[in-house]
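All chains are identified by letter, namely A, B, C, D and E, in their written order; residue positions are counted from 1 within each chain.
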Amino acid sequence: MSNHKNISKKAGLPPGSLIYIGKQKQGKTKITLTDYDKHQFTIEECQHISDTFSYKNKHSVSWINIDGLHDTDMIFQIGNHFELHPLVLEDILNTKHRPKVEDFGHYLFLSVKMLSIHPTKKSITIEQVSFVLGKHWLITFQERQGDTFDIIRKRLADNTGKMRQLKEDYLFYRLLDTIVDHYFFIIEYFSEATEKLEEKILSYPDDKTLYDIQLLKKNLVQFRKSVVPLRELITSVQKDAPHFITENTNRYLHDVYEHIIHINESIEIQKDLLSSLMDLYMTGISNKMNQVMQVLTIIATIFIPLSFIAGVYGMNFDHMPELHWKYGYHAVWILMLGILITMLVYFKRKKWL
Amino acid sequence: MSNHKNISKKAGLPPGSLIYIGKQKQGKTKITLTDYDKHQFTIEECQHISDTFSYKNKHSVSWINIDGLHDTDMIFQIGNHFELHPLVLEDILNTKHRPKVEDFGHYLFLSVKMLSIHPTKKSITIEQVSFVLGKHWLITFQERQGDTFDIIRKRLADNTGKMRQLKEDYLFYRLLDTIVDHYFFIIEYFSEATEKLEEKILSYPDDKTLYDIQLLKKNLVQFRKSVVPLRELITSVQKDAPHFITENTNRYLHDVYEHIIHINESIEIQKDLLSSLMDLYMTGISNKMNQVMQVLTIIATIFIPLSFIAGVYGMNFDHMPELHWKYGYHAVWILMLGILITMLVYFKRKKWL
Amino acid sequence: MSNHKNISKKAGLPPGSLIYIGKQKQGKTKITLTDYDKHQFTIEECQHISDTFSYKNKHSVSWINIDGLHDTDMIFQIGNHFELHPLVLEDILNTKHRPKVEDFGHYLFLSVKMLSIHPTKKSITIEQVSFVLGKHWLITFQERQGDTFDIIRKRLADNTGKMRQLKEDYLFYRLLDTIVDHYFFIIEYFSEATEKLEEKILSYPDDKTLYDIQLLKKNLVQFRKSVVPLRELITSVQKDAPHFITENTNRYLHDVYEHIIHINESIEIQKDLLSSLMDLYMTGISNKMNQVMQVLTIIATIFIPLSFIAGVYGMNFDHMPELHWKYGYHAVWILMLGILITMLVYFKRKKWL
Amino acid sequence: MSNHKNISKKAGLPPGSLIYIGKQKQGKTKITLTDYDKHQFTIEECQHISDTFSYKNKHSVSWINIDGLHDTDMIFQIGNHFELHPLVLEDILNTKHRPKVEDFGHYLFLSVKMLSIHPTKKSITIEQVSFVLGKHWLITFQERQGDTFDIIRKRLADNTGKMRQLKEDYLFYRLLDTIVDHYFFIIEYFSEATEKLEEKILSYPDDKTLYDIQLLKKNLVQFRKSVVPLRELITSVQKDAPHFITENTNRYLHDVYEHIIHINESIEIQKDLLSSLMDLYMTGISNKMNQVMQVLTIIATIFIPLSFIAGVYGMNFDHMPELHWKYGYHAVWILMLGILITMLVYFKRKKWL
Amino acid sequence: MSNHKNISKKAGLPPGSLIYIGKQKQGKTKITLTDYDKHQFTIEECQHISDTFSYKNKHSVSWINIDGLHDTDMIFQIGNHFELHPLVLEDILNTKHRPKVEDFGHYLFLSVKMLSIHPTKKSITIEQVSFVLGKHWLITFQERQGDTFDIIRKRLADNTGKMRQLKEDYLFYRLLDTIVDHYFFIIEYFSEATEKLEEKILSYPDDKTLYDIQLLKKNLVQFRKSVVPLRELITSVQKDAPHFITENTNRYLHDVYEHIIHINESIEIQKDLLSSLMDLYMTGISNKMNQVMQVLTIIATIFIPLSFIAGVYGMNFDHMPELHWKYGYHAVWILMLGILITMLVYFKRKKWL
């Protein structure tokens, strides 16, 4: 929720000011260069960004992956060498903005959100991944080192499937597809969390439950914000950029598009379910109060009249004939039992017992 | 709700990976081949999928129906012989995705959901049915063996109506129409269930009712998810695929389209009704609590003052002249009866009695 | 609400199966033939449908009105003679579907709902009216005999206005206009019913009120379902069918279109009002409970402390000096009156009295 | 709310039937003729409508204003002379319909609602104003005599501004603008009324408040209904009628359009505010009940245990040693004070005091 | 909320009447002239508006900034010299209207809202900023003197970045961007305020909280009203005005556009959060009342039966054998302790303790 704090730091600065918005990190940025075509495959970790520059004009597919964005100087050098617009560099670093696509003629820029669930704490982390897709090269920027793309590198290394035969646009699709596939995990997480909450509300709701619903709702809002713009984005990639994406890859992108729609629908359903959980919770509380009230009413309604009778015969008048009857005391007990039984029958009929 | 668990299994795999998402089933897949034209009609159950391959280029209408999707190897062979795109095969097997249509030039792919209600348990099962419509042939894929399409086969065998005169596009329409017609049963089920719940809420709501509303709501969401995309789908079939669908069949498809709109409207109405049931339920609970409160108030308001009076004359002061009057005790009873009657009149006027 | 039961009867049947969905009725179907031009006017009740067939090619305006749809054989004969598409015949008989328009080249098909309020029971009945508009002829189908169109026949007979000078498209407009004008009665009914309910809720809401709101809501949903599609329908008639509708009649149709919009807006307003009635009702119940609680609280808060004091001086301790004071009893009364007055002042200040 | 009663009177009548829907009024209709160009300015009250007929073909701008619509005969004469379509005459008289625009080739018809607040009673009255804009002439119809347009007549008479230099389209714009400007008064009224209600709800809500919210809501619905169609109307005037409206006046009309949007937005905001007032009211009631409950709980929770103790020592057992202790009575008082203090501390900690 | 009061002052006045709507201010209007090109940079505070007139036709970029709008005479002179349309002057002064853009051929008019938060009082002030963008000149109008644009002047003076190389359209973009960037501060303020309120509601809600939610809601509505129209506005600037905005600046404007979308999304999220805060608050109150009820029920349910027993043995019957048993008193205490323990166990099981 405190995302905006960092963005507002930049107010008034000229566009293209290279300031990394996000948790400032130290240590070295990891640069991984993967280069392949039908015949060969190389992967290496570069020490300096300039090591990758020669790959710009090679005819093989060159994929430069940058992990870590705090080295704004390096980003600037990449921008210089690959002739990127200042606004692109700004968008790569400004990791709090919404997903975005823009066609710059000789390259295509796309930024999306990668979401992952912390395995134990069950909290969601959002990371921005930016793609710059040129002719024969693809640069990807990640905020953190992670293993999401390792499966792709392994497939390239093993040369399984037809990936090495295809171009950088197919690699771009595969990376994007991997990110979108991860969204299904998030949906799953929400789906399970909602079901658990529902069970809890239907059995025994407490104050913590309310807090949990609210938290889940806020997380879902974050998720939604990351996913909703993708629909329009992929349509835009498909329509406006035929010179980056081949006909063949386009069909695959359409598949990603349908996944996005599926995920969007699931998010809307989760949102509705959460709203109805809130209703369920409020009804549960009302039911509980009703139960409390019934217990109070039953006890009070039975004993208040009985106490009154006892009170009557505790009065100290000189002339109270009942007090002197031999079976007065027993008669009073019979009267009180009669009232008790009448009450119980009444409550039984009202289904309060 | 746990649909996504299976989909997320696939994250990171290349597109077109043939993994059957759904309950893994054993036993043989049933292959039914129906072949007909104006002059002849054959129906046979094939032992092996390759028995059907020769029908691909025949000029009669050949309908291959596959019941059961766990034999991914067979699906792969069909894909190979009929030159289907890897993504189509993936979509046939991935039975958790939303309904979908895609035109691949020499064939049209469409997947929809078939819904049925379990006759005794009154639960809804959702099954995916995929159609691949080519020139002179139609392949349909179902998850389970079922009798939904038997009525069509019978009509073909009996040669009633003009079905045998017409082409594979009309068969395709008839199968689709049969599936859509079944949705009316589901609407009926919801309509009846909602009415029963409403009656129950207006007579005597309990905790179980809340659970039932919530369950019905979730089932309706599932139904909606299956039906809503069809509107767009059929429009898409009509517009983009004139070479698969004749002018004549198109008019019939328009009829299916209007059924879909009718069903969609009915779903929205059911959704509204379920929401207002929730409101009714909450109001019912409030009414009940109100009733409980009134009983408590009437009893307490009458007897607390009376008990106070009895308490006063139970005090042990030496000098309490009333205690020694001859008719003191009777006077107190008259006072108490007076208060009682006043109270009852007051409650009557307040319409609490 | 049980509309769908009848529709689902048809699942699996071929399109164009002539089954009358609706309450099966016996007795003769009434066929009224009206034929007119500038110079003449004939009206007659036909014994057999074939009596009307010769009018198909006459240049005067021929209006065939069919009251009662259970004679499917007759419908089939009409379809045959006037060359109607099987789906049109199906739509005429399937009276539970939504309003619909379709242009078949040599005729235009339109089905709408006619609503009427039962004068005493104040319930709404919905009846389907279908129009088939050809060149020089118009066929109308009604479910029941009714007097709605009598006013038009009278105007034709009296030759008031310019109706006899104009063609079948103007007749078609006048009949449609009559149906739409009747919707204003329905709006009026809802408007009055809502106002009555509001008054009742603001004066004294009871359980019956809740039931009435729910009933009105469901009736409004039915009304809405019948009217909403008309907007699109009339636009469609105006746009797609210039060869059925003259420029002059088109302007009148536009007037009908604006009536439909007016009615739609009124329905939305009624819907909002009914929702806010539900809110009012719930608030009314809360207010009532509040009032009950206040009475209870006032009584209990005043007498519980007083009873305590009485209880204290009812204790049997040997050494209780107050009991033996000469004015002890009077002092206690003064104390209790003091507490009573303090309480009353407090409640006055809290505005509970 | 009872608007529809009058409209439904007309059901079945032919279009163009001249029936004045509205409160039937007696007395003479006021006809004001204003005629001007750069050089001259005349204003006169005509005795008979035929006095204005000669102005139809004059090249100066002729503005005929009719106050009062019950003289349907006169309306018919105007229609005849100025060649107005029967539907236009019907729309002028049918003052309950929604705002409307229609281009009839040689004239433009526009009807809008003029709203005013009764200065003392603070109720809103809605009046229909119809414009018929021809070449060199403008006819306006009002339901009642009013002073709304006097400011325009005064400006024309004084010849301030450039109004006399411009044509009838500018006069039309100025009159329309005057009506729209009055809507701001209505918004102001709602805004103030809402604020007053909010203050009342936050200080001390009562039953009257609920009624006031409901009334304001219904008035806002009426206002909304009058204003919403104007957006589309003015766009339609601008687009379809370039031969009535000059380029210059069009820019001014755009200004009116933006006022309408502003007013629409304000209405939506008022609607939201009224909804949240309802929520506030319900929360206020809950808060109040909570407060009532707390008082009851505090009193009951303190005195019920104390009364119990007093009750124990009021028992008449022969062997109750405490009764005979010298300081028994004092000990009981100390015990009771101890309980009292404990309770008070508990309530303090719970923040109930 | 009382915005409309000022607007309605103008009802009936001719368009272009120069009346400053806003808080009438005294003192001198501040005129700042900034003139620059690649080679030079001048900034000066002008005494009289006519000092700036010579800059209209200079080829360098001339930026005239006016702080304070109460000197309508001066506005009139600017309008005269720069040939502005009367409606533009009216819009500059009418600071209560919604943001607006209009292309007048030789200049472009745009008005937006600048929002700022008072550093200590934490209230939002809204100020209108109007831009008139011509060829080689830009005039900006502000309601108050402020330091928002100082950062731009400093950058121009320091000649950092490429600003001095570019034209007036880039300056226009930079000023607009600065205003939009400030919106992020407002979002941040709302985000923080909402979070604080949420914490308070989850810990201890009181009456003040309700008032705070309502206030925040109303402020958000104001904010939304200022921002929502910008989306359409910037699209309109980009599309319709290619002769004012170069291709290069257009890309930057697209960036502003995306910021606006981001802010709009954030506003919607805040709106949702505020609604759910209201729900949380109501649930919190229900929970609290539930707690109060439970305490009351526990105390009453335990002590009412005990008091009854004490009352029974306080009766004065002559024949009550229990009273004369030696251990009667102890037996009663044991009975009462038994009841107490039973009750406590029951409440424990019900989880009320």
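What we mean here is this: a residue touches a chain if its C-beta (ideal position, glycine included) is under 8 Å from a C-beta of that chain, and two chains touch if they have at least 3 such contacts.
As the structure is a prediction and not an experimental result, all values here were calculated from the model.
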Set of chains adjacent to chain A and to chain D: E
Fewest touching-chain hops separating chain A from chain C: 2
Distance between chain centroids, defined by C-alpha means - chain B, chain D (Å): 43
Length of the line joining the C-alpha centres of chain A and chain B, rounded to whole Å: 27
Touching two or more other chains - residue numbers and ranges from chain D: 282, 286, 289, 293, 296, 300, 304, 307, 311, 314-316, 320
Complex interface listing, chain E residues touching chain D: 1-2, 4-5, 7-8, 10-12, 14-15, 85, 87, 97-98, 100, 102, 204, 207, 210-211, 214, 217-218, 221, 225, 278, 281-282, 285-286, 288-289, 292-293, 295-296, 299-300, 303-304, 306-307, 310-311, 313-316, 320, 322-324, 326-329, 332
Residues on chain B engaged by chain C in the complex (per definition of touch): 151-152, 155, 160-161, 163, 174, 177-178, 181-182, 184-185, 187-188, 191-192, 195, 198, 202, 251-252, 254-255, 258, 261-262, 265-266, 269, 272-273, 276, 279-280, 282-284, 286-287, 289-290, 293-294, 296-297, 300-301, 304-305, 307-308, 311-312, 314-320, 351-352
